[in-house]
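Below you'll find a set of structures to go through.
Look for chain A in each of the two complexes below; its partner is chain B in the first and chain C in the second.
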Partner chain A sequence: MLSPSIRNLAISCAIFSLLIFVIPEDSHSADIGNCLLCHKYPGLSRVDEKGNLRLLYINEKTFNSSVHSRVKCEDCHTDIKKIPHDTAKKVDCLTECHITEPSTEKKFSHKEVQEYLDKSVHSIYDKKGGLKEYPEDMPTCKKCHDNPLFRPLSFFKGTRYGISEDSMSRCRVCHKKEEFIVKFYNHVTGRLHRIRNPQNIAETCARCHDNPDLVSKYGLSTKAVFSYGETFHGKAAKYLDERIPDCLDCHVNKGESVHQMLGHNDPRSSTYKKNKGKICSNVDCHPKASPKLAAYGMHAEFSLEQSPVQYFYTAFFIVLTGGTLLPLMGIIFLDLIRRLFPDAVIRRRKK
Partner chain B sequence: MAKLPAIKIKDGKKYFFRFTLDQRIQHIVLFVTVIVLVLTGMPLKFHDMAWAAFVYKMLGGIRGAPIVHKVTGSVLLLLFAYHLVYLFYNIYKEELVPLKKAEGLSPLKVLKVLAAQPLVPNFKDAIDIRDLMKYLLFLTDKHPAPRKFSWKEKFDYWVPFWGILIIGLSGLIMWNKILATKLLPGYLINFSLIAHSDEALLAALFLFIWHWYNVHLSTSVFPMGTVFLTGYLSEGLMIEEHYEYYVEVMKKEGLEHEIRPPHGEHGHQARRKEDPPAAADTYNRREGDRTP
Partner chain C sequence: MKDFIKRLYIIAWMGLAVLFMYIIWNVTFNHIIEEYATRQQATEIKQTREELKHKQEKSTFQKVILESEETVKLYLGYRVLEEKRIAGHFHHIDFSIGPDKRSYCITCHGDMPHDNLKEIRAFLNMHSFFINCQTCHVKLEKAKTRLTYKWYDRTTGDLVDSPVMEAAPGMYKAKIIPLEIVNGKYQRLDAKEKIEFANEYREREQTLTEAQKSRAKKLIHKRVSPQPHICEDCHQRENPLLPLRTLGYPEQRIDIILSTEVVGMIKKYTEFYMPRMLHPGERTKK
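The block that comes next holds the complex of A and B.
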């Protein structure tokens, strides 16, 4: 017996399928299962068991600009075998998909990434291999990643998602099939730079690192993204500067996977006390910088516990500002009143 | 350059000399650079505000605005250096050289000359502040009678003066962080950022609230005082803001008989036309002649 919500979904899909008489012109090869038959309709949604509205609409153009556009729907949604289908299970990113990795000719999956993650500070396992006390607090794939979109390389003038017509024109000299050019171009260029801008990356990290519950639970010294946001780097990131360093630039050793981020107490970590000096002076940032520059407090906050000297130094300026402006504003206020009654005076009684 | 007359008469009204062309140009460069620096700096300090992104984009965004800020800051620092040279050269030429010829120089005499400069705060300012508070609190109807520069103007001068020093020095450290941290520890950048940003906020609020009230918004000058353009102050404002200096200049120019009474001596308004010298004499007798 189907539950009411699933039955409703099934009926909706059936109605939609009756209404369909035009197959989308730019239907994509990945949609072999014809999932877009229903999911192409904006507004396709349902209320799940928890009462949350789930949008089930897939924007085909957007999906085709994403890194997963070559992956068939059923490669990830492995539990869906028929249409209309039951409530789909959550996608497991470690599933082997039907893409073949060309150098090894093996089925592709994200297992390698999980191995890196397991060695990182974000692993659900502790150093002895046992489960951490709160494994649910550690990030999983989908906590940080959605379905990222290709975007133009930042040093080209992009005209649409993932495409720089300037560089595409070079591809077209030899390659004639447009779909191949677009896909190959996106695949290669998508890996030459970050798929997210620095602000986007900071926002992703903020989901946990600025969460007050997690910050206090783990005794972290700062709300890391908030304090990053108070530096010039963070402010430039906010104004969408692509060249500015984000969390990953400092917290991951150059050339290593960002999934293998290590804690600042780990001697292999880029933020370990002895290694810190190399962060700022790396070739892409401030190559001539002395190691002393890395003593800059990137995560400084107005906190007595974190730095009493900086706390009182900042407090001095706050008091100076208030102590200067408030009396002067008081005088302005009195002056405004006095100008209303220029002749008035409280006369003292003569003795 | 020919010395400008202490009093100019135009359409029968007296105007009192306040600022040379050089000083007026310095002031214009100062306020233009300060406004540009505030516009290109505050969107970074208040990056969470809705207006910040809009203002920053207008001024060149994250690529252009920092360049505008640095270039403008450099102009302001050059102005500051020029002002110091201008200031000390004039003191040397007009006061120290004659003193040297007359009496000879000693460190104590130099210090006395410096302390007697019209913009240096002194005890008379404390008296003027006390008198102003008495006036504002309706305890008297007599205005204070400041000298050439009132305590308000001294505030207007010294807040940006020290502000430029602190903001300029911290700005240079942040701009040249690689060089600075070859010599000094990296956390100095944190302290520079706090000083730069907080002192700039203080200076900006001070100028846009206090200074603008006194020179733009106060009913005496609204919508704008013109002394920063013409270099001359009207007799009415001279009486209201610098009465003691007004009396001094009038006497020096041989116009004792035309000295008008101070503001607030309301009974004198009618008497002034008939017997102005008597009114001034009344003031001088009451307050004592404190003119230097």
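The block that comes next holds the complex of A and C.
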């Protein structure tokens, strides 16, 4: 008869050996359940009862470069207890996962994000705590977020997700475990800048804020991302400039979560009339700028109905520029013709 | 000569003046015109898309993933990830494979044809992504000749070499198809004339009588076996249906496909979920 300790050791060895042989070589440690045995196939899909496509494929390589790469499948898909499994339930992002937050040693969850969101302008609740008239229009986690992917820091020449071999070499001096180094390097560097490029952030906001139905339903004064795209900032964002301010830079108070965004009528909001001056003149943007700079109609569209002052002002300068330079070029062209044909005349004068 | 150079010099300046006029026109008056046209166009496109969305009865893999125009570009710094966008889909797709344009069945049945059997529909659809419908749905039990299996290109329909070693599992731009050997040549079961017949039937379906429809359907499905091959026909070590080695699968992959893990899972499905359709006669016995 084996002693309990030897028996436990034997069982552990057996499970370990099973995992080694069963899990494919290139499988990431998060796939302990070997879910990719089936979910690695791109055609794994079906049509749901509402007629929508449900794609059940997981791109392992892309998943492994995401912020959730260390999270086991069953940590989010908590109802899956056996293989083969039944139809999985919708993932609840507020579920506590296996990761322990080191400063409090509590299990990690996105619950606090939801609390922030509930107090923000995007909450499904109104100020009195009741449900808003159209709660379905308010963003949920997946309306804004897909699985966030690590991006290398812009000041390193990145060739793969979030990794700079230059800085990794410094980590390796003290830390010896490669898995530990990659994990913490990605964790830290991923938070030193936005997980998404300004253009991608603008596109995310545009899904609602440029949606004509929602713009008219809520009587919004502008298609926010379209008008952002008309500005110098927006044009630079289209050229993938990482330093340019995106929606979040102006609409979220410095140091606060992006989920804490407030409406422009809220005195605590960064876009509240009295606070607007601080947006442009913050230390990261234009520190010497006058507060009056923020008085500029950032979301003014070239539209007579929406912003008549800007419309006539812009139209005047377009007409002035075109109306001056085009005739000037025309006169120069005619002058050059005269120089080319100095004696040419259309009608000779009668002597 | 001096006069010639002078004239050339003037012509060059004239060209420059025209170029400047073109640029100034574009950034001033033309900008206003284009801006207006873009606004109008954007509204029209939005309306058309909404109308199409309402008209569309149900999504298909081809429409949503393979041919969709709604793409998203993620700028990751070290690469640009461009993928099709599925609203509310969390995981990244990140693959690009063309639609199967040489299929007899997809035009009518769609590219996710298995949607009745709740428990295994996704698995069956997964297989139909790289296995042509006829592979499972045509059995030549009484035929003298045996079917041969080859890969064909999804876009051109041409027979191609095995893509297995060049791509991730299931991520192939080719599909397995059964072929007959007629007069020493490989021949598809769905000849071009048959596809044309099926397409014509689809176009004229509304004008046909019920009897004509029934006859046409019988002709189209003439080679289709009443009972398709079942999972175990391939996922077994003794005489599997598909010659995996000939189809270019390496030994390691064959081991996985025929492993106790996969076979065991199929058995679990058989025990818990396998529909009666795949066990002919069972229902009548009961």
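One rule holds in what follows: the second predicted complex is superposed on the first by the 288 of 351 C-alpha atoms of A that agree within 3 Å, B and C clash if a C-alpha of one lies under 4 Å from a C-alpha of the other, contacts with A are read in each partner's own complex, and residues count from 1 in each chain.
The rule we apply is simple: contacts are C-beta pairs under 8 Å (C-beta built on N, C-alpha and C of every residue); 3 or more make two chains touch, one makes a residue touch a chain.
Treat the numbers as computed from the prediction; the structure is a model and nothing was measured.
Visitor: For A:Ala294, select first, second, both or neither according to whether it touches chain B, chain C, the two together, or no partner.
Guide: A:Ala294 contacts chain B only, not chain C.
Visitor: Identify the partner contact of A:Lys238: answer first if only chain B is touched, second if only chain C is, both if each is, neither if none is.
Guide: After superposing on A, A:Lys238 lies in contact with chain B but is clear of chain C.
Visitor: Is A:Ile332 touching anything from chain B or chain C once the two structures are fitted on A? First, second, both or neither.
Guide: A:Ile332 sits against chain B and chain C alike.
Visitor: Figure out whether A:Ile318 sits in contact with chain B (first) or chain C (second), or with both, or with neither.
Guide: Touch status of A:Ile318: both partners.
Visitor: A:Leu37 contacts which: chain B (first), chain C (second), both, neither?
Guide: second
Visitor: Comparing chain B against chain C, which has contacts with more of the residues in chain A?
Guide: With both complexes superposed on chain A, more residues of chain A are touched by C.
Visitor: Looking at A:Cys97, would you say it contacts chain B, chain C, both, or neither? Reply first, second, both or neither.
Guide: Neither partner.
Visitor: Who does A:Glu203 touch here: chain B (first), chain C (second), both, or neither?
Guide: Only chain C; A:Glu203 stays clear of chain B.
Visitor: Using the superposition on chain A as set up above, list the residues of chain A that contact both chain B and chain C.
Guide: 240, 318, 321, 325, 329, 332, 337, 339
Visitor: Chain A touches which residues of chain B in the complex?
Guide: Residues 44, 47, 53, 56, 61-63, 132, 135-141, 155, 159, 174, 177-178, 181-182, 184-187, 189-191, 193-195, 198-199, 201-202, 205-206, 209-210, 213, 218-219, 264, 266 of chain B touch chain A in their complex.
Visitor: Considering the complex alone, what residue numbers of chain C touch chain A?
Guide: So the residues of chain C touching chain A come out as 7, 10-11, 13-14, 17-18, 20-21, 24-25, 27-29, 31-32, 35, 43, 46, 57-61, 64-65, 72-78, 81, 86, 88-95, 97, 112, 114-115, 118-119, 121-123, 125-130, 168-171, 256, 261-262, 265, 268-269, 272-273.
Visitor: So in the complex, the part of chain A that touches chain C is made up of which residues?
Guide: So the residues of chain A touching chain C come out as 22, 24, 34, 37-38, 40-47, 51-59, 61-63, 66, 83-84, 86-87, 91, 142-143, 145-147, 149-152, 154, 158-161, 196-197, 199-200, 203, 212, 240, 302, 315, 318-319, 321-322, 325-326, 329-330, 332-333, 336-337, 339-340.
Visitor: For chain A, which residues are in contact with chain B within the complex?
Guide: Interface residues on the chain A side: 229, 231-232, 235-236, 238-241, 286, 288-290, 292-297, 300, 310, 313-314, 317-318, 320-321, 324-325, 328-329, 331-332, 334-335, 337-339, 341-346.
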